[in-house]
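Letters A, B and C mark the chains as written, and numbering starts fresh at 1 in each.
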Amino acid sequence: MASGPHADYGRQIEMGAQLAIEEINAAGGILGCRLEMRFMDDENRPAVGVRNARFLVTEWGAHFLYGTDSSGVAMALGPVLRELDRIQFFTHAATHRLTEELVAQQKIKQIVRVSAPVYQDAVAAWLFRDRRDVRRWATIGADYEYGYATWAIFREQMRRLRPDVEFVGAAWAPFLTTDFSPHIAAVMATNPDGIIATPWAGEAVTLLRQALLQGVFDRIKVWFQAMGGSVDVLEGISPEVKEGRFQGKLYATARYLHNWPNTETNRSFVSRFAKRWNRMPNYSAETTYSAVYITKAAVEKARSLQTDRVIAALQGMRIETPAGLRVFRSEDHQFVYAVPAGKVVWDPRYPIAVLGELKVFDPKDYWRWPPFRPLELSK
Amino acid sequence: MNPATRRWALAALGGFLLVLPLVGSRYVVYLTIHILLLAVNAVGFNLLFGYTGLLSFGQAGFYAVGAYTCARILLAWPSLLPGLVGGTAAAAAAAFVLGYLSVRHTRIYFAMLTLAFGMMIFSLAWKWRAVTGGDDGLVGVPRAPLELLGWTVPLPTVERYYYVVLVVAVLAIALMYRLVHSPLGLALRAVRDSEVRAGHVGLNVRVLRLVAFTVAGAYAGLAGALLPPLENTVTPPIAHWTASAEPVLATLLGGIRHFAGPLVGAFLLVAVKDVIVRFTVHWSLVLGAVVVVLVLGFRGGVASAVEALLVRAQARPRGVPAPAGEEAP
Amino acid sequence: MEVLAYQGLIGLSSAMYLWLISAGLTIIFGVLGVLNFAHGSLFMLGAYLGYTLYGLAGFPFGLAVAASVGAVALLGAAVERGLLRPLYGLDPSYQLLLTFGLVLFLDDLAKLVWGGVFRIPPIPGWLQGAVVAFGRPFPHYNLFLMGVGLLVALGLWLAFDRTWWGRAVRATASDREMASALGIRTPAVFSSVFFLGSGLAALGGALSIPVRPVSPGVGAAMIVQAFIITVIGGLGNLRGAFVGSLLVGVLSSYGTLWFPEFELFFIFAIMAGVLLVRPQGLFGP
């Protein structure tokens, strides 16, 4: 998507890919061939995304596809990728169904996901496991699959870790909501201790600002913001974080945090990215950057661009990326890696708010693993 | 345009469409299928707008009903014809019900209501997970084989499906041609030109409008039903009012006063948008400006402009009047 | 009980944006017979201009709002004079189509000019803070909105009922030719009505910027709601638009509380209900 409240993700995808391509070309390309990129905006419409994919493959000659923010567009692309026989490295779309259903079940092998899916938000259950004072949980949920899936996975894990917990309220806000005040009011009426919120990107910023207006942070104990560690959200709420308006009660995660892990790979990526684009890399930038490098590794191993050979080369891949070690999971073509969760804090070393007091958990604990039982999305 | 020329032109067009998959790339065939879908949709819309005088901003709702119904049928019973028939019928039914609530009102009110009803269908599609798959939509819809009179024709490629769409579209457009040149078509035009007079002549204005609305809905539904086998997916955005704009724009572009207007407009809209999109993401800006210019200066659309050119080309000698009653071909 | 009252208050303040847009739409329709599809885009432009002046350029909030309202009002009058006036004798569908083309144009223009990412500027200092209502904090800003909405309602009523201009407008609305024959300069009346209606929409937009984000789609979303309110209230009826806005705002808010699954559908359910029971709208003829 390149417009609207979620526009930054499309841009970051482009920036990440561009940086990787420039670096690889400068170092001689892949097997001596230069890389070329073409960006198209799917306007968050599956029909447009599908048409773009067809155009890029059949008219422009794309060998590999990257990106896609929206889960709806991603799901629509699945069967088309099989028809076109081209691999897409998905770098944002989070729905579990992309990998659990389309790959594991329907065997569409042309789908590979490099970014952490919706499983990542369930880390909230682990983050607050030991907070005995947080017993009543409510959600201000995104009124589409992402919101339902997050709430479902969160509750499932929370029930296991803390049988004493109660789920007291839920309000659902459609995509592109600009006024969350009725939802905030409805949820606060149930007197929750903790709130998990799934509207993301620009909507997250709006939601948090409007929550401050209703004095929410005076009354609750914790607020977990899904994808709150994303750069655009942290930029948007920096003034309030600096003033301490969230009273240390705001927590979040993302699909990659620029300040973790503290490895040479990550630090140099961040500094090169910042120098090139004058911004901090968001998770969609890192995932796309890594996806391009994963392509390089696979193509070099396969010594071929053919889809089947490249997929074979991906099997068992363990690759060091800025986000850490990524391990390919062959059952569903999902790359597994850990992303920490933490508190939103102001750290004077950075120009915007960051996540601090980071806690890392093992994906073996909070990710879903095959064999996949269907996820019950009741509200 | 005299009948002989017209027949040659149609024959040439038909021939071209028949050989398209042999000379054009897969992407061009894919685009042409979309042109045909929009053509069917727009020709139905123009029955309502050009011939009956009712502006609807909700056709995407019926398109979606057709698409979702066909998709659900195909998922359970992978045979193309039941999907197409079922989708069209469901859309017609929806149009009948919603039309019943709408046609009693004035034209402006009617336009607003259609917008609202279209968005209502959109919100239904988005929310009713059990039936429509919610915001994920219906995935994995098969490009089911055509089963007719004992024969089964599988449709594994886009090119094969193109021929099916071509036949269906031609039949639908031909049917519409007969319809507008029938007494019903005349009655609808009377309603368009003056409700009061039509009423005095004994025409039941409300019933006629409802008929037009239902037929337009059926056509939108047919176009929608042809979509899932092509894309294997159906998602809510196809019901959004911005999608309702497509048949409106196509018809406006091509010309509301000619039968072929919507067809010409469908081609122009898809082709021009596809080209513009490669250069700029702001195709909406261009389209909006085009609409404003058309409405202000060229209300007859491309078809009228072409006709005017042709009339001048076949200039009549002075003193000979033009044949009476020469109106839309 | 307190929960209900608080939720209702929240609904009332949300309704104010709807009222401002619907008022302009209704006035324009009532007098000119034009259903201005682009009204939502005018709301959006008011918001973008307000954001640029207040959020980016740092103008005082009141000044930014006034300037945005003025600019968009002028734009509206210009559109009426330049683009709509040539179409007055023709089928009203053409006016609708023209305003629809404007929506496509303006919404994309906004995307082009202002692009994607932007912030929500902070609430102006003199409007910050909250009162306690029914045991929970109710922002001053929401009270301010409600105040503005009421003032606008009062102002419009006074203008149409007591002023010379209002009488001229009402005369033109009820019989264009007669009004002209009586010496009323109808073209000027038309432009002034469009000026006022556009200004109201822009006011709604500009007032929304400290609390809501503005994006190219915001106008399109609001116009659908405004249409529904007009259907509920009765086309061309200002009182209907006011009551309709409050109804939709408050009921939507309760919908979030009681029927969280049906949020999107709720407003249509209300509309369908009114249509079945009283097709001409609550205050229609």
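Just so we're on the same page, a residue touches a chain if its C-beta (ideal position, glycine included) is under 8 Å from a C-beta of that chain, and two chains touch if they have at least 3 such contacts.
This one's a predicted model, so the numbers in the text were calculated from it and none came from an experiment.
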Tell me which of A-B and B-C has more C-beta pairs in contact.
B-C
Maximum distance between Cα centroids and chain C occurs for chain A
Note: chain C sits from chain A at a C-alpha centroid distance in Å of 37
Which whole number of Å gives the spacing of the CA centres of chain A and chain B?
39
Go ahead and note the Å separation of the Cα centroids belonging to chain B and chain C.
33
Using the touch definition from the top, which residues of chain C touch two or more other chains?
111, 261, 264
So which bits of chain B are touching at least two other chains?
126-127
Among all residues of chain A, which ones touch two or more of the remaining chains?
2-3, 143, 174
Contacts from chain C onto chain B in the complex sit at residues 29, 33, 35, 83, 86-87, 90-94, 96-98, 100-109, 111-112, 220, 224, 227-228, 230-231, 235, 261-262, 264-265, 268, 271-272, 275-276, 279
Which part of chain C faces chain A closely enough to touch in the complex?
3, 6-7, 10-11, 13-14, 111, 115-117, 119-120, 122-123, 130, 136-139, 141-142, 208, 211-213, 215-218, 221, 252-253, 256-257, 260-261, 263-264
Please name which positions on chain B make contact with chain C in the complex.
49, 53, 55, 57, 101, 104-105, 107-109, 111-113, 115-117, 119-120, 123-124, 126-127, 241-242, 245, 248, 252, 282-285, 287-292, 294-296, 299
Looking at the complex, which residues from chain A come into contact with chain C?
2-5, 7-8, 11, 143, 170-174, 176, 178-179, 181-183, 185-186, 188-189, 202, 205-206, 209-210, 213-215, 218, 232, 235-236, 239, 379
Would you mind writing out the residues of chain B in touch with chain A in their complex?
25-27, 30, 126-127, 129, 134-137, 139-140, 231-233, 235-238, 281
